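Chain IDs A, B and C follow the sequence of writing; residue 1 opens each chain.
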Amino acid sequence: MSEHEESINTEEEIENMTLLVFAGDLDKVIGAFVIATGAAAMDIKVQMFFAFWGLNALRKEGYKNPRKDFISRMFGWMMPKGANKLKLSQMNMMGMGSAMMKRVMKKKNVMSLPDLIKTARDLGVEFIACKMSMDVMGLQKEELLDGVKLAGVATALAHASESRTSFFIS
Amino acid sequence: MSEHEESINTEEEIENMTLLVFAGDLDKVIGAFVIATGAAAMDIKVQMFFAFWGLNALRKEGYKNPRKDFISRMFGWMMPKGANKLKLSQMNMMGMGSAMMKRVMKKKNVMSLPDLIKTARDLGVEFIACKMSMDVMGLQKEELLDGVKLAGVATALAHASESRTSFFIS
Amino acid sequence: MSEHEESINTEEEIENMTLLVFAGDLDKVIGAFVIATGAAAMDIKVQMFFAFWGLNALRKEGYKNPRKDFISRMFGWMMPKGANKLKLSQMNMMGMGSAMMKRVMKKKNVMSLPDLIKTARDLGVEFIACKMSMDVMGLQKEELLDGVKLAGVATALAHASESRTSFFIS
């Protein structure tokens, strides 16, 4: 291996980041996207792997799918439908806390979660939905934002093994 | 140092993973074990370090220990006794959510948590219980699954410093 | 680059750790500080970046600031004021669980959170408060422990990219 190749490999390793987004709380998902967009703006290649509750952040707001079994429909109905519906992990107070948080963020010129998601995509952040989680929670590809890829945990682990920094956001 | 030695070291670094399992919720512990077994199947050497609530996943179901002080007995009685008793971090609904989740996982042919734990062990994943947490929560070695080693946080940090990927699962 | 310089760089990479402290629960913050002090004792350079609920661990107990808008005052009043006021993420039971935990830690000679914070500082652990989170939660620099620096997420990401181990504690 030449010295040049070696330095390219090192470079690649430094520039990657893997975020395993397991939580679906408004505050934690905002945290994940602040990190993702911040890293992408620093030219780091970011992959976000959404599993379990984290998938709720990727759900389309209006989508309805009648061809589901009973338990899947239950899950689908009980879980928040998309970025606008997520709740704070604490002090949610029947939605009052989440509304307050959104108002404050707007007032302080902090991007809203839907804007952070859009910015992440524009900056080339890759979104992967965990296939196994989707199966367990009865979510279908059509219910998620367009362009989200489906993959297994091995995809996230392979990316993590090429990343300098990896976080599990639970 | 010869070039050969250098490449061996790099290899070793790549192949390790450290998981600090701090949470004891059914969903999060399943997440931890899906990662651990997935990584082990990719020939990555995985160490799981269980601290605090995470220790509950390692408790033997039937074990009773009468020689404990009052607070330890309280803790022991209030915390879930083993992998089968863990609850979802959300939508637990007095156990109904956890039962639903287990049923769906079975139906979708996803391994149950006890099976994931067994598979992890078969794949050589190392289980370490945090000594300090055990002390604080009044848990004794005999209450944990056989073969679990006890160690301090320095052990986990040393393993993490030799790991390409490390996650804190809280 | 000489071989000597190369080995120094590698060394530096190994010795850094970045902790993103997002949670403000007593148990999780104790976990973060046990890791931080453990790593610092192993001569690892640790940076703790406190965001969102994690900021509550850095609040001064007695501080009052009347010059705040209504929502900031609400947040300030509802969130725990400093390390002594944090609550367990589970089994808090109106504060009884947290009190029990503190009592047990004292009995078992585990350092209290305020002592862990002091030890971390004495060992040279760097404390950074997330500027954006402070803005959103209406916290001001004077409300935080002396010597805490303010910075954006880019600071934490830059440190993480030079760290062997980075954890997101949520």
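One rule holds in what follows: contacts are C-beta pairs under 8 Å (C-beta built on N, C-alpha and C of every residue); 3 or more make two chains touch, one makes a residue touch a chain.
Note that this is a predicted model, so its numbers are computed, not measured.
Undergrad: Rounded to the nearest 5 degrees, what is the angle of the rotation that puts chain B onto chain C, matching CA atoms?
TA: It works out to 120 degrees.
Undergrad: Since chain A and chain B are copies that touch, is their contact same (over half of the numbers shared) or different (under half)?
TA: Comparing the two copies, chain A and chain B contact each other through largely different residue numbers, since under half are shared.
Undergrad: Report the inter-chain centroid distance for chain A and chain B in whole angstrom, where each centroid is the mean of the CA atoms.
TA: 24
Undergrad: Residues touching two or more other chains, restricted to chain A: which are they?
TA: Residues 166-168, 170.
Undergrad: Mind listing the chain A positions that touch chain C in their complex?
TA: 14, 23, 27-28, 31, 34-35, 38-39, 41-42, 44, 90-91, 100-101, 103-105, 108, 110, 164-170
Undergrad: Across the complex, what residues on chain C touch chain A?
TA: For chain C paired with chain A, touching residues are 18, 20, 22, 24, 51-53, 71, 74-75, 78-79, 132, 135-138, 152-154, 157-158, 160-161, 163, 166-168, 170.
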